[in-house]
Structure formats: structure tokens, C-alpha cells
Amino acid sequence: ADGRIEIASANGQNSLRLRGLVQADYRWYDAANDPADTFLVRRARLIVEGRFSQIFSYVLQPELSGTVQILDANVNAAISPAFNVRLGKFKVPVGLEQLQSDPVAFFNERSVASGLTPVRDVGLQVQGDLLGQTVNYTVALLNGVPDGASSSGTDFDTDKTIAARLFATPFANEKDSFLNGLGVGVAVSAGDYATTAGRAAGYRTDGQQNFFTYDASVVAAGSGLTVTPQGYFYRGPFGLLAEYVISSIDVQRAALGVREVKNHAYNLSAGWVLTGEANSYRGVTPRTVFSPSAGTWGAFEIVGRIAGVDIDDTVFSGPAAARLANPNTSATQLTTYAVGLNWFLSRSVRAGFNLYHNEFDLAPGAAPATTALIADDETTFISRLQVSF
Amino acid sequence: ADGRIEIASANGQNSLRLRGLVQADYRWYDAANDPADTFLVRRARLIVEGRFSQIFSYVLQPELSGTVQILDANVNAAISPAFNVRLGKFKVPVGLEQLQSDPVAFFNERSVASGLTPVRDVGLQVQGDLLGQTVNYTVALLNGVPDGASSSGTDFDTDKTIAARLFATPFANEKDSFLNGLGVGVAVSAGDYATTAGRAAGYRTDGQQNFFTYDASVVAAGSGLTVTPQGYFYRGPFGLLAEYVISSIDVQRAALGVREVKNHAYNLSAGWVLTGEANSYRGVTPRTVFSPSAGTWGAFEIVGRIAGVDIDDTVFSGPAAARLANPNTSATQLTTYAVGLNWFLSRSVRAGFNLYHNEFDLAPGAAPATTALIADDETTFISRLQVSF
Amino acid sequence: ADGRIEIASANGQNSLRLRGLVQADYRWYDAANDPADTFLVRRARLIVEGRFSQIFSYVLQPELSGTVQILDANVNAAISPAFNVRLGKFKVPVGLEQLQSDPVAFFNERSVASGLTPVRDVGLQVQGDLLGQTVNYTVALLNGVPDGASSSGTDFDTDKTIAARLFATPFANEKDSFLNGLGVGVAVSAGDYATTAGRAAGYRTDGQQNFFTYDASVVAAGSGLTVTPQGYFYRGPFGLLAEYVISSIDVQRAALGVREVKNHAYNLSAGWVLTGEANSYRGVTPRTVFSPSAGTWGAFEIVGRIAGVDIDDTVFSGPAAARLANPNTSATQLTTYAVGLNWFLSRSVRAGFNLYHNEFDLAPGAAPATTALIADDETTFISRLQVSF
């Protein structure tokens, strides 16, 4: 359908799909302390998916842009609708926006709250649908990755991480209910981290710049816990997605004492399809295709988002030699505002025009250089033309 | 056709093609100051192309050999034959030989003149065919890349580069005209370059060795302009391709003054298909396939080329500490002679046997070490077996 | 068949196949001097194969997991069954277990004996089947790679390596013979190696850890010769694979004298398909598919292996400053025992559970640190879920 290669055997038990994603961006930054304006191939992916003997399936998805690497590589066994087993590399079942397929999200870039959730990891996952498919559970045993990061191969330590998510769409089977498109859930990730590279990560702005990084000598040194209550509500052309993330982690600077750092983030995003098509977590399908000759224009959606990150104050406390982060290069709080217009030119082609404004709160006593990213607000315009099939 | 996967929807509006390129080389060098003789996988590419809703298309082409990276990743909208928009990564519309698809060129390696033209970049391009498809115009706004280089992602500076090309095939619609296969045009690339890594490049011989590089402390520091008058003429089994390149760029060594460097290059290549098939800018299709059992041999073509590069004398002027390039490792002029035989074993399989001879002119006072590439002529034999589908 | 895309032209002369391999592992190590237990995507490959005009074919196989790189990229001409020419990158025709396709081998990891044979290289190969396809010969001219290594591109030196293999299945055409599934052969690789990076390699345990490496200043400095008598015997559910490897190489530490190092290795592996399916060098095809609803379980095979490596004593002789390897980090002998269970869930899906025990013999006077790998035995459990199509 619509450009995918899909080949199935006569008995329907085996199939193979060839899919892809290309995102071509232009990014404009307002200030000299931001990066240079640039054209960019943000994502270029080839995706091969297949199914054998009805039960087994696999996904093979390399990222071809930037650092070429495997994103998804996993084998699945669908023992029953309520019991599926997956082994390999896949998305960690934690963040709601992180789990949403990138090309169908409201904005070109995920919110800063997703920066506090794990991205992809290697492990074993069990998941299934219960109660007439109104409840989905997912439990995964994983190597463990830092906030906003993906696994790059083998584990750093023998300790493993458990991620679990429960998500309910209680009215999904009641087509006429006002709450038909409601989904609510909660996800947790917990594990021990005991290595230098283990879990001390940085966080990025909407413009994809680090506004917070730990001091280079800070290491993970104990347990980490991420909790994210989450939900969405879609009705007609309207969509809303909300998520709260608490990420806590025991870290240590050199031989100084272990401190628990607890960072918070939130994301509230909404969209309205101006042309009336149905909104959903899986994206918008335009009723018409952009065609000057036919006089049709596809679909349009306006989107808005408020999101923020609050860094634990303990990070900046103490004398300079003992602080976990440098207040002159790392902010203690980030508040972001974003608006955008999505133009669905066809089922597979979408243009997105996003304006992001990011405001930093500095830690007490901070005196950033004028060239530092956090020296003043970041305003970024990111436009994108995307093919996703 | 001929091994490509091409799948189209019933209404013809959507399609997907899976293509590929494998080039397996043996390279022989004549002298000890050249690299070691070697087998080499020169190119190994998988190409996915598709079309949606008749208007939209995309290309996804990773290079799998050597440094794995994305070459082409772009989205196109064919609004009308005269107005096509492309966003993403693609070939810069400047060099005639650079724009020709590599597997169908006369020689296994492009001429040294192509080393002065940009290769691939990220940006926005508008192009179209006018006047009964006898004139093609292309205008692109790009990040900007050095001579003979490709973009590796985001831009180094906010300044952008404009590339524009006008190419006419005035007799393309007159099948009986002697000049039916004539094409002439001119291309320009202009932009500002203001960073260390911005635009100061090196140039390579036919044997793919650097015969010219700027001093490591030289940076681009102003405007750059590339102009290339170009043309081809194909008639029956005969083909001719000619190009002249002027590449000028403002550069600076450390805090010393900015100097404009203007380098020149030319390429005159020709081919003759011995077995009589038609020659063209898009390659040769053999009438028969190599088949010992059928007693058929495919097609054969002999090719010849003269090309050269003339480096601006200002590069070597001044005391050693202020020179832009070291005359003991960089030549001031390169003249290359090449002959070859192409054997078209099938539509998709071609063998190429090329002999290259490269002569260097040294700057006044140059005294290269005997191990330096430019210490004496470079003679290289490059044979290739290629599958392109 | 079974999930592969295979498209052929009407006349059968052109075809294209899209294949893949995903291996998702969990690896458990018994001791603190071993690496951390980990989930791992061991292999993630996309394979494109095609054929043109009946004679020509190609293979394009990138590895997408870990370091993304091209594994196979070659062009083939099948002039006749007895005379095939291949150019590009491919498996070196030496080791019997190395040449066996990884997903169908008895064990998840190849034996330590395969660590003494070359893996993949770039070059030209001629091969064919003789005497009613009971004898296969292969001769290749190659850049030359170290033991257990693959070519990473151009050659280090102008000297080339010759590899040749003769393998007979004398009773292959006698279906009723007790020896129908017998294959015996011998392979040789010989060449000169004269560069620092040329051929001085390390060897790994079943747990994929280096138990032997040359001192960093050791270089290849003369000729190298690898000889491997080899054979297999398959009958009904039973399979046996045996190989002996002698790898000798002239090496030199800094300016000290050249020494010939001759290392030996052996591999004796066997498997028994409990569910009665036929065993073969090309793997096992289960009679049933795992399907809880149908009450079928697929096929099961138990496997066992004894293998070992004996390092030349000369490597550890002499004073510390002149030794070729450090006896505190490199063992002089490795003996490995492995048992495993393979579960064939479908033609394309296999799970493998392997227990490996590796015992080190230390060189005289060795006193490894307790954190050194060779300080005590390595015991590793490697489980895998694999899709191969």
C-alpha cells in the first residue's frame, strides 16, 4: 500500500515488507551562541520487516544518516495476543512520546521530556494485550542505557535494568464513547548502574543542543529509577499527549560522596487537524493528496507544545571542585514553547514547520560566557520535508 | 528490467525500485613512492527509489564500502516538468562529469577536473525542463562543500552556497540532425566560507592520491566561486565530453593576509564503441550479452582522456612560514593522459581496463623527497568488474 | 520461499533475492575477570543477491550491527560449472568451519580453530566443480589478511596471498552409500607479509575474549603459510565436522631478529538431531514448525565440541624486552569443551543454547594478575534467538 513493497506467500503465513524514512530539514537559529543555520538529513532509514509461520517476525532498521548504525534488530514470537516474546534491540517501553513513531508525532523534534526517558536498548521483552485489547502490558529485561540514550552494543556492567509499562485504552471498543480515544498508563525503569559510562547523561533543547551535562568526572554509582505517568486523548481532529517524567540516579564525582539526583520533566502537546481528518497516536491520513492539477491540497494540522525540565538543585551545590555540573554551561531549568504547522501532502509525504522557544533558568551564582548556549534564550525554526512509507 | 526489483501499484501512481552497484577493482602502481598494489571494493551501494501519488519521489542511496555513509537521501516533488523541488542530500548541479552516473562514465575514475567541482551537499533544489525539454535549469541553495568533497552533515557556518546550472540540448528533438546528441551548458557555484574546515581542500591524481593539499593551518576566509563551461557530443558509436573548471577561493594562513587562489582544470574525454552500439551520456547498451555458449561477446569501447589541473602560483609564493602549500609535497600543475577499454558483458555488467599516466610540474625551488608522490610521474593501471542495476 | 523476496524475470535469466539475518544473544560469564554479562545483537545483516543473463551474479551483504561494514561485495561470472570467476570481497577459501554459513553451524560461535584461518578478503577467485560435482577446487589471489581477520579495504603491501582449496565429496552421487555424506579436503594459504599491520593477530576464546595477542611492537616480516586438512561426515540425523589448522608466520619484534611462529589448532564438532531430521553442512530443516496451537514443536539437536589452540613456545622465549607476547596476558595453550542444544522453531528461526568451558595453559614463569582473562578458566553460556532467511 502506498509505496511499500509487501510480499506474502499464498497461505499468508510468510511475508516481507520493505519500508523507509527520509527527513530533510532546514534549521534556523536566532543567535550567535547557537549553532550555524543548516540544511540537514535528519533521518534516512531503510526498514525490513517480515513474518514467518505466522508466529515469528523480525525487524531490521538501520539509520543511514549521520553515524550509520542499527536501530532496531529483533526477533519476535507471537505465542498468543496476550503473550509475545521479543529478543534483540528495540525501543525501551517507557516514554509515551518516545514510543510513538517519529514521523507521526506532532512536532519534528520530540519534547525535552523525552530526553529523560531511555530510547533503545538490547534485551528480552514480553508484552501482550489483555481485556479485549483495552490493556497493554510490557515488561523488559535490558542492558540499561542513560537518559535519552540508546545502547551501543554490549553492556558496561553485569547489572541489568527492568522496564515495565501498563497502558490502558479503556473505551477503545466503544466507538461512540466520548472517551473512545483515551489512553492512560504508567511506565517504570529501574536498575543498578556502576560504571563510568553507565548512566550519567546530558539533556538537550528543542534545537538539539546540550543545555545540561554532568562534569566529565561524574559517574553513575548506584540505583536509577525512572517513572512516567502518561496519557493521550484523541477525538475527531483533536489530539492531546501528556507525559511526566521523574528520573533519579545515584551519581558520584570522583571519590566524593554518592548523591541521588532527581530530575523532573513534563510534556503537554496538542494538535488540531484543520481539514477535519481524524487525529490519532498513529498519525493523520489526509483525505486528499496535494495535486495542483486536481486542485486538492492534502491535510493541515496546527500543533502546540509546552514542555520543561527541572534539574535537581543538588547538582550545582558545593564548591566548584565538588559540583556535579558547571552552572556556567548547564542550566538548572528549561521551559520550552513550540508551535507548528503540519502539511500532509499525501499518506507518505509530510512537511512540518516548527518554531521553538527555549528559556533557561540559571543556577545561583551562574555567570555563563556570552558564547555559552544558556547565555540567552534559544529560538529555533525547524522545517522538514519527510517521506515515510 | 534486467534484475531490478520494480513494483508498481495497479494505478501506476506508486512504485518502488531496488537497485545496486558493486565495483571490484585491481589497482597497480608503477613506483615505490605510490601506494601498494591492491584489490579493492571501490563502491558497494544499495539504492532504493520510489514514487508516491505520481508527484512525490525519493532516493535513498547508502555507500556500504569503505566508510559506510549516506550518499543520496532526498525527497522530490514534481509539480510540473518545468518545476521540480528537491530537499535533502543530492549531487551538486555543477560538474558535467560529476553529475554523470559513475558506472556509465568513460573511465573507471573521474578526471582530475572533477576534483575541482563539488560532489554532494545538503540543501534545496529547484529544476526543470523548458522549451520542449531542450533546456534544463537547476538552482540549488546548499550548505556548501569544498572542491571535490561531499557534505558530512550539518553546516560549518551560517553562510550558504548557491549553485546554478543551465544545460541545453538544442537539437535533442531533431532525430536526424547531425547535432542531435549535442549538449552545452555552464554551471556556477558561489558562496561565502568562513571556517577552518570550510573549503580548503586537496586535489587527487587519477590514482586517487593527493598531489596538492593546503598547509594544515590554511582556512577559507571569504568568498568562493566555481565556474564550469561544459558540453558533450554523442553521435552513433562516438562520444565526447569536455569541461573547464575555474575554482577560486579566498584563503588565509593563520593570521597572515587573505589571498584569492584561483585554480583551473580541464577534461577532454572521448569514446568509440567498436561494436557499433550508440554512445550516450547515460551509457552504452550492448546488443549482445557475453555468452560463450551462444558465441556472443557483448560490446567493446575504447576511450581516451586528457585532463589537467593548474594550481595558482600564489599558493607557493612567500617564505616557507607563509606559503599556503608545501612545494615539496604539492605540485603546481598536473597533466594526465589516460586510455582504456570497456567491455560491456551485459546491460548490467561491465569490465573496464584503464591505464593512467600523470605528470607533475613542480613549483620553483621544490625539492621533494624521493618518497613523495610528486617526486616522479605516477602511472596506474586500474581494472574493474562492475555490476550496476 | 519462507519469507525471502525473490523476483525472477519471465525467461528466468534475471533474478533478485532479498535476505537477512538477525541474531539476538544473551551472554553469561562465570567470573569477575571476564566481561560483564550482556544482551547483544550479534549479527544484523541484509543480503541482496542477484543474477543477470544467467551467467552473472552478485552478492551485497553489509553487517549492520556493531561496526557497520560491508562483508560480501562481489561479482561472479559462471562461465561453466567447472569455471567460475569472482572478483570483489568474499570469504577466503581456507577454513571448513569458516566457510560454513554462520546461522547453520552446530554452535553459536565458531570454534577457536577458525581463529587461525582467514575470514574475508578482497581479491580474484576461480572455482568449479569437477568429476560429476564430486570435487570442488577454489583458487584465490588476495590482498592477504591476518589469522581470524577480514580485509578492511586496500592492501598494506604490494605482496599478495594465494589461497587454494580442494574438497571432495566422493560418494555424493551414490545416495545409498554409507559414505554419501562424507567430505574431505585440504586448503592452503600462502603469502608474504611485510608491514606493521600485516599479519600479526590475536586469538580469541569461545567467549570472544583475546587469550593471545602479540606484543604491540611485533610486526609481520616474511612469509606466512596456513594449512588446514578438513572434513565432515553427515548421515541421517548425525553430523561430524573436523579440522586441523597449522598457521605459521615470520614475525619480528622491533629490530630484533625474525622468528618463525607456528601455531596449531583443531576442532572436532558433532551434532545429533533428536527429532530425526537429516543433518547436513547446510543446516537442518525441521519437519514441523513450533506452534502451540497445532501441538508441534519443531526440531531439536544436541551438539558437542572439543577444540584447542597451541601457541608456538618461541613466542614466550627470551627476556621480557625481546619476547613476542606477554605470558601474563597471553596463554600458551587453550583447550575448549562445548555442549549445546539447538531448537529449530521453523525453517528460518532457530534458538541455540551453548555452554562453553575454556582452559588455559600458561607459559613457564607466567604470573597473570587476578584480573587477567587467563588467570583462571573461562566458562560462558551463550543463548541466541536467530532469524535467517
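The chains carry the letters A, B and C, assigned in the order they are written, with residues numbered from 1 in each.
Here is the rule we use: a contact is a pair of C-beta atoms (placed from the backbone, for glycine too) under 8 Å apart; a residue touches a chain by one contact, two chains touch by 3 or more.
All of these numbers come straight from a predicted model, not from anything done at the bench.
Student: Over half shared numbers or under half: where do the identical copies subunit B and subunit C land at their interface, same or different?
Tutor: Different; most numbers are used by only one of subunit B and subunit C.
Student: So subunit A and subunit B are the same sequence; what rotation in degrees superposes their CA atoms, nearest 5?
Tutor: Fitting subunit A to subunit B on C-alpha atoms yields 120 degrees.
Student: How big is the gap, in whole Å, between where the Cα atoms of subunit B centre and where those of subunit C centre?
Tutor: That gives a centre separation of 39 Å.
Student: If you look at subunit B, which of its residues touch at least two other chains?
Tutor: 5, 18, 46, 68
Student: Can you list the residues on subunit B that touch subunit A in the complex?
Tutor: For this pair, the touching residues of subunit B are 5, 7, 9, 14-16, 18, 46, 48, 50-56, 58, 60, 62, 68-70, 73-75, 77, 79-80, 87-89, 121-124, 141-143, 153-158, 160.
Student: Which stretch or stretches of subunit A touch subunit B in the complex?
Tutor: Against subunit B, the touching part of subunit A is residues 2-5, 18, 20, 22, 24, 26-27, 35-41, 44, 46, 64-66, 68, 289-292, 345-349, 385-387, 389.
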